[in-house]
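Naming follows writing order (A, B, C, D and E), and every chain is counted from residue 1.
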Amino acid sequence: MPINYYIFLAVALFSIGVMGVLTRRNAIIVFMCIELMLNAVNLLLVAFSKMHYANAVLVNKTTTAGADAQLFVFFIMVVAAAEVSVGLAIIVMMYRNIHSVDINFLNRLKH
Amino acid sequence: MNAIILSAVWGIVMMYSGVVLKKKSSAKYVAIIGIVMLIIVNWLEFAGLSFFPVETKGMLQFNSFGLLFNTVAFVSTLIYFILSGADMEQVGNNVYDYFALIFFVLCGVAVVSAFQSLLMLFIGIEIISIPLYILAGSDKKNLKSNEASLKYFLMGSFSTGLMLMGITLIYGSMGSFYMSSMNIGLGPLSPVMALGIVLMMVSMAFKASAAPFHFWTPDVYDGSPTVFTSFMATIVKAAVFIAFLRLFENAFGKMHGQWQLLAAIITAVTLIIGNVTAVFQQSVKRMLAYSSIAQAGFMMLAIFAMNGMGKQGLILYTAAYSLATIGMFAVLIKMKDYTFDGFNGLGKHEPVLALTCTIFLLSLAGIPLTAGFFAKYYMLVAAVKTGQMFWLVITGIICAAISVYYYFRVIQSMYFKESPDPGITVSKSFKTVLVATAVMIILLGIRPGLLLNFLNV
Amino acid sequence: MTKLIYLVPLFPLIGFLVNGLGRNLLSKSASAFIGSGSVLGSFIVSVLIFLDVKAPGFAATEIKLFDFINTAKLNIPFSFQVDQLSSLFLLIITGVGFLIHLYSSSYMKDEVPMHYARYFAYLNLFVFSMLLLVLGANYVIMFIGWEGVGLCSYLLIGYWFKNGDYNDAAKKAFVMNRIGDLGFLLAVFWMIGQFGTTGFTAIFSGAANTAPTVLTGITLLLFVGAMGKSAQIPLYTWLPDAMAGPTPVSALIHAATMVTAGIYMIARSNILYTLAPVTPMVVAIIGLATALLAATIAIQQNDIKKVLAYSTVSQLGLMFLGLGVGAYTGAVFHVMTHAFFKALLFLGAGSVIHAMHHEQDIRNMGGLKKHLPVTHITFLIGCIAIAGIPPFSGFFSKDEMLSGVFANSPLLYFIAAFSALLTAFYMFRLYALTFLGKFRGTADQEHHLHESPSLMTIPLVILAVLAMVAGFLGIPELFSADAHWLSKFLAPVFAESMVHLQVHNIAHSTEWMLMGGTVAVILVITFFAISKFSRYEKSDEEPTGFARVLANKWYVDEIYDALINRPLKGFSLLMNTVVERSAIDGLVNGVGRFVQYGSRQLRWLQSGQVGSYILIMVVATVVFFIIQLFGK
Amino acid sequence: MGITEVLFWFLTALAILSALMVVFSKNPVHSVLWLIAVFFAISGHYIILNAQFLAIVNLIVYAGAIMVLFLFVIMLMNLNSDTEPQKNRWMRMAGVVAGGTLMLVIIAALKDTEMKYQVAQVRGGNIGLIENLGMVLFKDYVLPFEISSVLFLSAMVGAVVIGKKD
Amino acid sequence: MFLAFDNFPALLIWLPLIGGLICFFIKSQQAVKAWSLFSSIATLVLMLLSLLYTNEKHYALNSVSYVWLPDIGSSFSLMLDGMSRILCLLTAFSFPIIFTATYNEDYKNANSFYGLMLLTQCGLMGVFLSMDALVFYFFWELALIPAYFLASQWGGEKRIQSAFKFFIYTFAGSLFLLIGIIYIYLQTPNQSFSLVTFYNAVLPAKDQAWVFWFFFIAFAIKMPIFPFHTWQPDVYEQSPTAVTMVLSGIMVKMGVFALLRWILVLFPDAVRQYDNILIGLAVVGMLYASCIAMVQDDLKRLVAYSSIAHIGLMAAAIFTMNEQSLQGVMVQMFNHGINIIGMWIVIYHIEKQTGIRKISQLGGLAQTAPVLAIMFVIIALANIALPLTNAFVGEFMMFSGLFKFNPWYAAAAGVSIILAAVYTLNMVKNVFYGNTNAVTSVFRDIRTHERVILAVIVVLIFLVGVYPAPMFDLVKVTTDVIISRVTPAQ
């Protein structure tokens, strides 16, 4: 597959994630959109990984080029998981206090 | 490596000592022991004695720059613990956990001051960020704290997304995460690489609270419990700048000309927004938040200039800025009223506090004989030395003049306005450490070499 | 003896210091003694020096005391010039000065000791400054004296400092003098630039090799200085106002000495003026205009001192006319005779005022002849002298100047002669109103009329004698060939100029005719004035028509006020309130306010909404992309 | 067009459609479900790219663990479309425009790059296999692996600190 | 650098510094007054002593250079040359005068007041002595900070705002200076801040032009030159008079001094390029300030504006860059300091007793306080440069230089000396002459120590006025150095 396809797909997903972050007020959905952005990144990384592998393997049959990107994806997932645990804890804490997950509801800090 | 491991271990020690030691007030002492050890082992590594011969596979590299910064960060943390450690007990029941989280952050600090691979940068930044989300929200019943935490978290995650996109694009272009393998060529950038660099710059600017990605800063600093604001605004921010510099020097240093304009724009906008907005603030805490943005603008000059002068200056700047801001926050925590008027008459009732505060503020404003002067001096020299974009230097000095306005408002309140005794009680040791900090600032202001001579660049 | 020249100014300086510092300790007689004695000391030294100078074979010498300003490129020594001109002036200053000191010791006796001592301190300081002025061997030292006399004039006019008007008069005198001084100063700078020095000798010897335009500039600027000091148009208005000071002061400063400083200066710089193409004409015309203007004003004045003041202005104008036409000796001669008779007139007026209990309006006087016999006689002598009636001194000096004028331009001569006629008219008007007719004052005043004490009358008598005989120092060629002593005495000073001046000799017959004609007309006018004003009756009628214009001094003060003072003040107020506060400071504060405004506006960006924060971040990122990718 | 292409386009369409639905569904629960669909689509892509390990991990970690967590939280809070807060129209418009511009700019920038003719290898290449990745992970990437434990630890502590009732 | 106790320049800095720091620890008001007076007199004695060691044989005693920041090429080097001698003498002389003149004033927190005063003195000395740009900048700021505190903490009602404006204004200016210094520093071949290296740094004309303006702004604000002067009247009005004396007597000389020490020798081409603008500005400022002074009713503001006019003349004279005016300026810096301090002492005394500074509300003081009146008149006359007073020689030389540069400037500037006479005499008239009123009729004359102080000033006025030659000798070498620098190479 031409790498451009993957780039466009990932960028599209990433932008949709950004759009979601910008248009939604529900903290959980916003957070989910961020996860969507991360997934777009992951996809692109894997695609790049295979691209570089494809280039490298022409020279060296036993190359591990590209493995690093896939491991990076792995780490991203790790971090995402950790972030989710903290993030959801924060959202739940907020919900306990104000019974809402509206990000605009808490608006004391400004100017 | 010493510091990374010890700080992680000591984080765990803190957690468990919470179980063993029931008294809240003991936490501070355990933490102080830890940080002192951290300083020592870091120093030993500086001296060439590494306890853990871990093969990093080129992921980390401990050079004098990073280690010196670690020292600055750890010493600042020590002062922070002594001055404000006890105030953490006010925030909630989990004081041991707070300390543990701070040690984890320090682990992250040590990682980002030594990273050689974008992966380590990413992990390090996340290790720093995640505990901070929690610390920001640690005052659970306080809606402001909640809000700060949520905002910080959402925006932080978003910027992580941007950073990952940047890393991915860079990887796509370069096929590696190692900085050493990117720093090539002077020719025009490929669009992929260019976008990657922009995204890296945006996300680092976000973490460093540089405008226009700074919006979380005032709200989060204002909403978080003041003790943690102090930590976030100083050591963490300094570490982010070190990472910023490290990244752009080692990874993109040879393409300096390609992104210098963007760095200049960010610097200028940060300076203007930080300084100008701080002028109108009514709360000292919020003013300090904006001031941290303003100071970030000056530190950005080092990124913009990207030369030896800027590098040395950044270390000095972080030291000067951290010490002064920690001191300011330590005093601020003791105040009952965070507005400017809350400081009225402090010069009369608490002369030592007022005097040290004055020194901190003078340092922040960059008045000679304080470390802040040389910090700014190095930044300006670095910027002038580039010989380009002189308007940025002019913006810098105009903003430095504006900054005097809001820093001196505090001094005015303390010395020239009257108010009944606010009844602040501070211990002798608090004052002693405060004075010691002030003395350090002045010593650095007379001889910046005391710090910079350790840097063998 | 010339080596001791420094003693001449030193004595009054010591007198000033002792009287000034010890004014609370000294008794009145002690102050008077110190004050007068110091001037007497100077006078004696002056006489000795004069004898030295008069001796044949004397050459002008410069005596250096110390370095005043000594830089690599400019050296101004504090040095004195001893020659014929300065020694003559020394005599006049110390001599007349001494008499006036003597007179003052009686005239001011009503003052409390402290102020009495202050008065003498000022007088001494004045004499000191005046001596510096005439002794200075360069223009800077001359300038020191020049400003010094201005200062003393200021101090003495405002001597009665409680009175606001007197202070205003003092201030006016000082400021007007300062305007002139600026001209003087600029001339000095020009000379420094041109000659690299301010010393007389060097400058005068270099004058011949200097571009005429430069000389014109320098001399005109110097003349501006003279206008201020010697009360010439347009800077003369301070002198009549200066009559606010004690009368002996008027006699000393505003008649005999200080106001002649301008004459001295031009006489001293005669070679510059001779060589400058335009200046002499300017000097002559301004002098003549001043003479005429002041004379017309004097006709309608009723204050005894004001009349004398305008008369002084007028006489000074004549002297400048003389200088302008190159009659340097004549001008200096007139300075000397004028010093005698004008001091005499002022002191006489002082005596009258003294007797009248500080009444100065001549309409309230009359018939004082019998009450004040000595004053009357001496005053009359003064009037005759000033009117130019032979054989009194004024005749000789004035005649010498006027014949010089005639030689230069008959037209100027006739105008000058006209003003000389006016002099006779107003002087005898003054005389008649004061001494003749019947007393028009209050009964109380009449009761107290008395002749002044001898300390006052003795100077009057001495001066009267001098006023009568001084003219014989300068007997014109007409009467006796080679009898002009003064001319011979001063010849070395003006020798250089005489080479350059084309002296037109007038035929003796013409001279006789002019002289005779003038004297005859003067006599007629004198008798007319006496006869008219000895029958004067007091009336409340305000003068009308032209007389009113004259009575109001041609409205010059009002014109100055409207043209200079008020616009300047208005301008300043405008600057203070509008430009300073609103424009400049407003700009400075505006910057501050702009920052504050910016702060208030910028903080709206901080809306508190995560959504908008992220939106801005995204937009900024997009913008950065665009800059990075397409910006170059 | 071979099966790979068909699959590719199908998964692409699915991913984008589902992603849009995540953003635009009113009901949070639906959003979660659509997001899971996205994850499945992405996992499909991984499989096409022969990144088997990641495909599985993606499903387990994301679709399995994380999304279930989300679902729990949403259900715990009893969020549905009625309680869903709505941004005002201008803000939403601005969000869409900004996101769209971002995409356009990136695509405009990247459509004509030097890697235009490069391909990502599909259906082949063995680096995505667990064996190979494991070798690299535990040989070269052991340090980040260890350090990420600190991250987990702090997340754990944090979650406890935040979640625990005082 | 701390061991530099073996020569004059170092001692002149350390003595006030130590004296000032000790002040902070003295609790009793009387003791702190006595101590600060003693300390300042010690400095004066030291300064006078140093005047005995002026020839080249004593070079080592009058210059010092200690390693400070070798990495960035800055050394702590100080030197007492002719010009700095004049100004250090002024500084050393003024402080005892000020302390004595205001000895009866009771300040709240007297120890900080006197401590800050002495710290200001230290900063001023440093500015005048430093031969290293960074050291110079340090002291430049260090003189400002205590002055700011002094002006804000003690003084009139609006003191906080006015002092703050002053501070920000001058600080902003000095930041430009810093950039200028940094720029030149980077052009020096061996990256050094030393003045000598700066002299030798070759700046292209284009750079000179803008770096010059950077330096100029800083100094212009400090002096202040029209139109950067608006902070000054407010600060002078609001500050306690002792502080005003320091500000107007010495601190404004920092700017003048800096023009001579730095601008002329570093940017002769730029000065030559802009001389008409600069001198024009200065002359306009003189006239402008004189006009405004004429309509002031407040004594302090009047003197403030008169000071602006005088400083304008100095600035104009400096930019003519000829020998006469430079020498005039150097001498005049001292004279102006002495005179204006004398003016302030008198005004201080009037305000202290009556609480009034409005000229229109005073009058007749000559009757109740003749000694004060005489002193004041002498000082006022010196202020308008009457011959035989000190200011005359300075102004004479300056005008002479200005005339040499362009007669029209001299003439225009000369108008301001006429205006100076107008407002000064107005002030004298309305304050001292005329009749007394309810307030002024109970005025008491000055006491012995005040008489002595004013007498010292008056004696100095005449001493320098009559025999200024030693002053000119003192500054001769410095002038030659500057002139040789600014004269374009043939």
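We take it that contacts are C-beta pairs under 8 Å (C-beta built on N, C-alpha and C of every residue); 3 or more make two chains touch, one makes a residue touch a chain.
Keep in mind the model is a prediction, meaning the values are calculated, not measured.
Participant: Starting from the defined contact criterion, work out which chains touch chain B and chain C both, please.
Facilitator: Per touch definition, common to chain B and chain C: A, D, E.
Participant: What is the shortest path, in steps, from chain C to chain E when you may only step between chains that touch?
Facilitator: The fewest steps needed to get from chain C to chain E is 1.
Participant: By number of C-beta pairs in contact, which chain pair leads?
Facilitator: A-D
Participant: Just grab the chain with the largest centre-to-centre distance to chain A, centres being mean Cα coordinates.
Facilitator: C
Participant: Can you tell me which chain is nearest the middle of the complex, judged by mean CA position?
Facilitator: E
Participant: Among the chains, which has its CA centre at the largest distance from chain B's?
Facilitator: C
Participant: Roughly how many whole angstrom separate the Cα centroids of chain B and chain E?
Facilitator: Computed from C-alpha means, the inter-chain centre distance equals 42 Å.
Participant: How many Å are there between the centre of chain A and the centre of chain C, using C-alpha atoms for each centre?
Facilitator: 97
Participant: At what distance in angstrom does the C-alpha mean of chain D lie from that of chain A?
Facilitator: Result: the chain centres lie 5 Å from each other.
Participant: Please report how many Å separate the Cα centroid of chain A from that of chain B, as a whole number.
Facilitator: Roughly 27 Å separates the two chain centres.
Participant: Which chain D residues touch at least two other chains?
Facilitator: If we look for residues of chain D contacting two or more partner chains, we find 87, 91, 94-95, 98-99, 102, 106, 109-110, 115, 140-141, 144, 148, 151, 154-155, 158, 162.
Participant: Could you tell me which residues belong to chain C and also touch two or more other chains?
Facilitator: 592, 603, 606, 608, 610-611, 614-615, 618, 621, 625, 629
Participant: Hey, what residues on chain E touch two or more of the other chains?
Facilitator: Chain E, residues with two or more chain partners: 168.
Participant: Hey, which chains are touching each other here?
Facilitator: Result of the pairwise touch check is A-B, A-C, A-D, B-C, B-D, B-E, C-D, C-E.
Participant: Quick one: which bits of chain E touch chain B in the complex? Just the residue numbers, please.
Facilitator: Its residues touching chain B are 68-72, 137-138, 141-142, 145, 149, 152-153, 159-160, 164, 167-168, 171-172, 175-176, 178-179, 182-183, 185-186.
Participant: Considering the complex alone, what residue numbers of chain D touch chain A?
Facilitator: Checking each residue of chain D against chain A gives 4-5, 8, 12, 15-16, 19-20, 22-23, 28, 31-32, 35, 38-39, 42, 45-46, 48-51, 53-54, 57-58, 61-62, 65-66, 69-70, 73-74, 76-77, 79, 84-87, 91-92, 94-96, 98-100, 102-103, 106-107, 110-111, 115-122, 125, 127-128, 132-133, 135-137, 140-141, 144, 148, 151-152, 154-156, 158-159, 162-163.
Participant: For chain B, which residues count as touching chain C in their complex?
Facilitator: 150-151, 154-155, 158-159, 162, 191, 194-195, 197-199, 201-202, 206, 212-213, 215-216, 218-219, 258-259, 261-262, 265, 273, 276-280, 402, 405
Participant: Mind listing the chain B positions that touch chain A in their complex?
Facilitator: 119, 122-123, 126, 130, 133-134, 137, 140-141, 143-144, 146-151, 153-154, 157-158, 160-161, 164-165, 167-168, 171-172, 175-177, 218-220, 222-223
Participant: Of all residues in chain C, which touch chain D in the complex?
Facilitator: Within the complex, chain C touches chain D at residues 611-612, 615, 618-619, 621-622, 625-626, 629.
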